[in-house]
Amino acid sequence: MHTDMFSYTVWIPLILLAAFLLVGLLSDKLKPLVAGLISTAAILLAAVLAYSAAAGYFFGAGLQDGHYTTLIPFEQLWLRFTDTLVIKMGILLDPISVMMLVVVTTVSAMVHIYSFGYMKGEKGFQRYYAFLSLFSFSMLGLVMATNLFQMYIFWELVGVSSYLLIGFYYQRPSAVAASKKAFIVTRFADLGFLIGILLLSYYTRTFDFMTLTQPNSGILSSAAGVSFMGASVLTWALVLIFMGGAGKSAMFPLHIWLPDAMEGPTPVSALIHAATMVVAGVYLVARLFAVYALGAPAALEVVAFIGAFTSLFAAIIAITQTDIKRVLAYSTISQIGYMMLALGVSGYGSEAGLGYTASMFHLFTHAMFKALLFLGAGAVIHAVHSNEMTDMGGLRKHLPITHFTFLIAALAISGIPPLAGFFSKDEILAAAHGHYPLYFWSGWFVAGLTAFYMFRLYFRVFWGEDRQYEHKPHDAPPSMAIALIFLALASVVVGFIPFSHYVSANGEPYTTHMHWQVAALSVAIAVAGIGLAAWMYLRPGTVADRLAAAMPGLYKWSKNKFYIDEIYLWVTRTLIFKGLAWPIAWFDRHVVDGTMNGMAWATAQVSEKIKGLQSGQLQQYAYAMVLGAVAFLLLLLYWGA
Amino acid sequence: MIEGIEVFDVLVVSTAMFFIGIYGFMVRKNLITILMSVELILNAVNINFVIFNKYLYPDMLQGYIFSLFVTGIAAAEAAVAIAIILNVYRHMKGIDVEQVDTMKY
Amino acid sequence: METATLLMMRNELSLLIVILLLLLVELFAGQGKRIPYIATGLFLVHTLLGFWPLPEGTLFGGMFRSSPLITIIKSVLNTGVLMLFMQAGSYLQKDSNRGKITEYYILTLATLLGMYFMISAGDFLMFYLGLELATIPLAALVAYNLSQMKSIEAGAKFILLAALASGIMLFGISLIYGATGSVYFADLAEQLQLSPMLFAALAFFLTGLGFKISLVPFHFWTADVYEGAPTSVAAYLSVISKGAAVFVLITLLFTVFEPLFAAWEILIYLMAVLTITIGNLFALRQQNMQRFLAFSSIAQAGFILLGVIAGTQYGMSTVIYFLLVYIFSNLGAFGVAAIVYNSSGKINIDDYRGFYQTNPKLSLVMLLSLFSLAGIPPVAGFFGKFFLFAAAAEKGYYWLVLIAVVNTIISLYYYLRVVRAMFLDRSEEPIGRIHSDVLTRLALAISVAGIVLAGVFSQVFDWIYTVSWGM
Amino acid sequence: MERFIFYFIAAIILVFSVLTVSSRRILRAAVYLLFVLLATAGFYFLLNYNFLAAVQLTVYSGGIVVLIVFAILLTAHLDHRLPKPNRLKAGFSGLLAVTGLVLTLFAISRFEFVRSPLVTEGPYNIEEIGTRLLSYGDYGYVLPFEVISVLLLAAMVAAIIVAKKSIKND
Amino acid sequence: MDRLSLLVWVPVITMIVISFFKDPKKVRLIAAAGMAVQLVQIILLMLAFFAERQAGNDAEMLFFKDIAWYSNLNIHYTVGIDGISLSLILLTGIVIFTGVFASWEITDRAQEFFITLILLATGVFGFFISLDLFTMFLFYELAVIPMYLLIGIWGSGPKEYSAMKLTLMLMGASALLLVGLLGIYFNSAPDGGPLTFNYIEISKIHLPEAVQYFFFPLTFVGFGVLAALYPFHTWSPDGHASAPTAVSMLHAGVLMKLGGYGALRIAVMLMPQAAHEMAWIFIILATIGAVYGALGAIAQKDLKYINAYSSVSHLGLILFATLIFNQVAFEGAVLQMISHGLITALFFALIGMIYSRTHTRNIYEMGGIMKVMPVLGTAYMVAGFASLGLPGFSAFVAEMTIFVGSFQNSALFVRVATILVISSIVITAVYILRAAAIMLYGPLRKQEFELLPDARWYDKVAVFILIGAIAGMGMFPNWLAEMIYTDFTPMFNRFIAN
């Protein structure tokens, strides 16, 4: 009954798929504008459907008997392995998927619109929109997945869309390298995801989220009961699945691809690498939260730890970066770390699941203001044709709209009330505090760092002196401005949504309360961060440089991102390529193949060596004959005796 | 039937002769002497046939006649062989067996 | 003795008549260019007559045997010889052969007659006579190319080694006679038993036949003789002479030497392994086409031993079937080699480079023949080899089969070398376009037809199988 | 008595056999071969196989040896001495021959020959042999007889074409 | 003429017709027409097959036809198909059809080329329809031998060496196989009765275990070599590198599947005990093959070498799956055969097309050619994505089926091997993207490439059909998977019963 109501939701991804196929296949035959319009129309339509679904779900059909149920309005068998292990393609509606629908379609729609201005005149405009549609399709498929395998499928598809979009400027070697890196790193993480799925499904005999997340179903007991190397198999499986999530969400140590992914067009960064795809990992853990929380709390600890560590780690790096998109990228990593942390510290239940709600809330708000930050950064880059902060300054006069919206976003991310970030961050910190104080303090410190680096960025870009610009920077064209303004509004507004009324770990709505101490502390440190940034960067001076000189070690490590890239390079280049691949190639050609050739060679050698037998000498032939006869005789006498 | 002589005694002689012939075949340098060795071999075979016939199976003439035929064939063989050997001589101006090795390996 | 029973020797008699007619032709018609046609025609008649089935039976107190199987093998040999004659015509019409064309036919047919008797022999005397009749004139044929030292040398090597081999074999026969008092096969089978002297007899006897079939280590003459002999004689040696000897070997082993199975099994096993391997190893390195085919035919003989050692009715029929196929294949290969040599004087494998450019049809014949020799489907050689392997496998000689099949890889290498020269390599100056005469082309066509059809149509094999009951 | 004659003949056969294959004068070797063949004939006489002995004398001694001598005369100078055989070759060949001899004799010695109780007093007369050769029943030899005649014919043809001068060259 | 034999006769007739024409233009048209007929025929066959199955015909083999051939060895010409062979026949039909288009530009001895090429395909078709081990073996060898000529005459690089190596190694394998088949045959009637080569008959009996232990390795290795079983895979890089485009396509696409199919259907299915006992050896080899091939591919410069090693890796997956003894894994093996066949054919087709333009296959000598050949470049990327197992393409379906299937075997050894094998998909991503990055992307490396033409119509035919098939199978996998899975059931039940 209720499910029928939502059966139209299947069209949300399908519209986008159709747009992708249409634009992608016709590609050059379409006028760029037409292609863009098709894609944009599709995403707008999808957004409308998504909003109506959200409305229908949250304010109507979703709430049954006091908690939000999971609805599956559409499901189709796709591939059958065994009787129970089947991959279905379906649509799953529950609070977080509906929320994600909204996020994805919203941000995506904004990016589509924004891109009209940003990508204008680019070669491959059609291709760009096709890829955007593909991405949106995949992302929606991912969030609405009804089972692990469907999720994995779309997981891979968003990965490839990301690859395609990062490498959009394929003639730029750095873009190509970045796209490759992004794909391979996430793919490596997905290996864990896949093995995790296989392991989990082997014991539970199902991929279905519905079945898996059923509390008290006992389905997890077999996996929880088997232990391997000190932990239950279920823990292993969930840690492996989390590995996939960590890869996609750029958790340490799999974060390295995300900063490089900034080689892609900026709107893409906003969409994929800030708002939607990178939070897929968070979404994944949230989706399986019941399994984590009920089946393997140890795995959840891993999530919390990785989240906390990553948020701190990335924030430290963000301080010293000079490429504005990279700052934002590390900021994203840091914020996603927050979300992970929140999930990790959450319990199962409504009130106990504050972390869960907080995580989703932050995901939601973050999507808005981080997309805004990126789009703003895009507008800046569009204006000055550079990513480097050193090439910027004093832009507030030239780009008033951008400046204003950017400021809102920066405040939001810094957690200044009453902007969106404040509320969600407050909940996260509160949840962390309830779980383990160290996480709280680290999160609190990160909040300060966040404010600092965001305003470092803000001040250096929009304040200070004008630089030598090639041509006068001009503000964003209308299409871009619309997106900026819309998102700015969202950043202001969404914080007031009573999120816990809609999203909770077990589906039961509840009400959260403001944690005043936590809020005060976090606002204080945010303000301190902003103040520090203002002190260091607002006035001309060399405070920052001196400070850097004072802590050369830390500065250098931070500036070089703790040399993680180098370690990876060493592992791949030296260990895998030089240490494994090349030796194997050599081994194959020379030893394995050499053996085969050697056999041929040996045969030829034997042939050469024995050619003397055929000496042309009559008497040697006779000798051989007699020898043969006598040898035969001897043989027979020997055997016969 | 020779008094006091057993089959084996004769066989010793013939076998020895046979192997002497074989030795000659393998060692002699001249094509004609090789042919002579062949004659020794055939002769040894003949003795075998004859002695078996005489001592063991005198009721029938199988060995006896066999040796007759062997003799005949030896002659035919010798004739053709010698014709060929003469041709070798015509080409090589010599019949040293070790020179007859233009084809090998 | 009735005349009717004498008809059991119809094959021999008609062949004898052909020989005599040719002698008459020699006397009265001189040495014309028409002789090849006359001889081929006469032999064609003889061949056709040969297909007329004959009753089973013996003549001359068991000295001469006849059975459907024997008739078949004779017909098989006839077919081979007929094709050979068709191919040989153009060679014989060369000036250097003037004055001895008829002799070629007479001698060839005399050896064929020898083989008939060898095959039909019911006692060792007939066998020996047949063998010698099949050998001595051959020496003259080998040395046929009198102007060439190689040919003479080949003749000398052949006759002397043949004499040695038959001498050794005779010694073996004499020991058998000594042990049993009879040279009649029918008597022997009952009387033989394992004893050291018979081991000696067996070893010596196998030396003689091994020489004929060119089994290792009695094979050394083969390459030199094939190389020196005229191509058609080499072909004759490799298919007809060898085929007859193989047949005799298998009949003798399974009739006369049946009681000594345990002994000769080892020897045949050993010889099979050695022959295949050594033949292949030497074939690898050959340049001269005839020499190459010589070693190839040695290796093929080794494969035949697989069917011999199986020693069943099935094994027997596979051997005969293989011989038939082998005749087609080898005559195809030799035929092309002969055509090339006679028209261009080229005999090395490297000379065949780019052969396909100029002579696509001939090179296809060669290709099919070589593939058949190598045992590649769907040509008949594949079936032949498969059946041989099956025959050996049936008796559990899996290791032997394994050795043999591994050897087929080596053999494939050298067969493909020729293919490579013909098809893959391009040459600046390939062998020119060759026009061969009608008979030769017909012979090659028969070869090809045989190669292609003998495998696909199982009736051929079935027929042989049915007939070989009376072995 | 006969025994001693046999020993004498055996000695001649063996000694001259060895000489045949070792003499370095080729014509002498031929003569030694003749002695061997004659001694063999003597042996046949001793066995009372007179016809066979006669054939041995005529065909072997009279035919083959004469043929060989002719060939020698055509191909070699009379005072020519063959070079000494290669030591290695002779050594190996000798070793092989002796091994073969020992093995063969060993094999033969293990066989118990049963002497026939029948004591047919030869000599077979020529008539009997002739009848045998021309009869076609059991143990009749007309077929081999015919075959060998074909063989001889063929051998003759063979010898002729080989002996013919090659047209092109000479 | 029965329906299945037509699969052999159509190519044969095509060859005969081709032999009357010399002009390359006509020849290729005839070849294309013939193969089109063949493809249509296969599709009709599929429809008929489904109709039969729908109608409830659950015989193991449909369109069964049996003609006695060599009676004394009990050799028959027996044909019949089930879903497994049918799907591989479809694969072959597609690959040979596109292969003709990929060979469109061949003018040197075109007549001979197409005849030999189609001869090869004939062998493959024959192999897949055969149910008689002898006939099967015959067709198997028939399919291998034309390779020699095809590579040797129309190949490039050290073609003669490669052709010889390939032929010898494959024939060497078939030598082992021959012994294996004979062994099976002569033990096919343990309780007396006539011996048989008939696959169905043999699969019903229980071969003595001692026999299995001797002949299973021979048979498995015999087929395995063709499926690039480590360490007998070395013919494959050289062979593929030297082969002309269509031949590489057919060889990697179809011929190597003969090995996988045989290893599964004959070696494993007929000798289950030995397979079970000895599986660990071959699992190790297959795992090495899967990982090692992928790693080896990273270090290659030549596109064809990359793809050849990639094939080693993917075929390793197939062989691996055949040794898990699980119906899902078996199904996965077959799916992977089809999937890899299509993908690798596409790869080789594209490599051939690119090579014919740039005259190099060294990725370092290219660079940025996406700009001048967007269609080919995009297609190459599609092939790459398909190859690295992206959802939506066939390889994903196949690989996941294998992985899920393999994971059902909970032995620690198998599990470790499975995880290693799964890890190969990451390495696959590395070499695929590496090659693409170097070759397609970045600035155009050579100015003379600026003028190179993009895909011509016949190129597009080949490429689009293959992409269509890959994507079709990737997006709607279940009908194929169900068909294969269902048709494995009787076989698998016997397997379990044994």
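The first chain written gets the first letter, and so on, giving A, B, C, D and E; residue counts start at 1 in each chain.
Keep in mind that, in the parts below, contacts are C-beta pairs under 8 Å (C-beta built on N, C-alpha and C of every residue); 3 or more make two chains touch, one makes a residue touch a chain.
Just so it is clear, the model here is predicted, and its values are computed rather than measured.
A.B. asks: Which chains does subunit A share as contact partners with subunit D?
C.D. replies: The common neighbours are B, C.
A.B. asks: In this assembly, which chains make contact with subunit C and also with subunit D?
C.D. replies: A, B
A.B. asks: Once every inter-chain C-beta contact is counted, which two chains account for the most?
C.D. replies: Chains joined by the most C-beta contact pairs: B-D.
A.B. asks: Need the central chain here, defined by C-alpha centroid distance to the all-chain C-alpha centroid.
C.D. replies: Going by the distance between chain centres and the overall C-alpha centre, it is E.
A.B. asks: Between subunit A and subunit C, what's the gap in Å when you average each chain's C-alpha atoms?
C.D. replies: 77
A.B. asks: Between subunit C and subunit E, what is the separation of their C-alpha centroids in Å?
C.D. replies: Computed from C-alpha means, the inter-chain centre distance equals 42 Å.
A.B. asks: I'd like the Å distance between the centres of subunit B and subunit C, where a centre is the mean of that chain's Cα atoms.
C.D. replies: 27
A.B. asks: State, to the nearest whole Å, the distance from the C-alpha centre of subunit B to the C-alpha centre of subunit D.
C.D. replies: From the centre of subunit B to the centre of subunit D is 5 Å.
A.B. asks: Name the residues of subunit D that each touch 2 or more other chains.
C.D. replies: Subunit D, residues with two or more chain partners: 89, 93, 96-97, 100, 103-104, 106-108, 113, 139, 141, 144, 148, 151, 155, 158-159, 162.
A.B. asks: Where in subunit A do residues touch at least two different other chains?
C.D. replies: Within subunit A, residues 600, 611, 614, 616, 618-619, 622-623, 626-627, 629-630, 633, 637 contact more than one other chain.
A.B. asks: Of all the residues in subunit C, which ones touch at least 2 other chains?
C.D. replies: Touching at least two other chains: 125, 129, 132, 136-137, 139-140, 143, 146, 155-157, 160, 164, 168, 175, 178, 196, 199-200, 223-224, 285, 413.
A.B. asks: Chain pairs in touch?
C.D. replies: In this structure, the chains touch in these pairs: A-B, A-C, A-D, A-E, B-C, B-D, C-D, C-E.
A.B. asks: Quick one: in the complex, what on subunit A touches subunit B?
C.D. replies: 611-612, 614-619, 622-623, 626
A.B. asks: Which of the residues in subunit E end up touching subunit A in this complex?
C.D. replies: Touching subunit A from subunit E are residues 165, 168-169, 230-235, 237-238, 292, 295-296, 298-300, 309, 328, 368, 370-371, 374, 385, 388-392, 396-397, 400-401, 403-405, 407-408, 410, 419, 422-423, 425-426, 429-430, 433-434, 437, 440-444, 477-478, 481-482, 485.
A.B. asks: Report the residues of subunit B in contact with subunit A in the complex, numbered from low to high.
C.D. replies: 22, 25-27, 34, 97-98, 100-105
A.B. asks: Going by the contact rule at the top, pick out the subunit A residues touching subunit C in the complex.
C.D. replies: Per the stated touch rule, the residues are 600, 603-604, 606-608, 610-611, 613-614, 616, 618, 620-622, 624-630, 632-633, 635-637, 639-640.
A.B. asks: Which residues of subunit A touch subunit E in their complex?
C.D. replies: 28, 77-82, 85, 87, 149, 152-154, 156-157, 160, 163, 167, 170-173, 176-177, 179-180, 183-184, 187-188, 191, 194-195, 198-199, 201-202, 576-577, 580-582, 584-586, 588, 592-593, 595-597, 600
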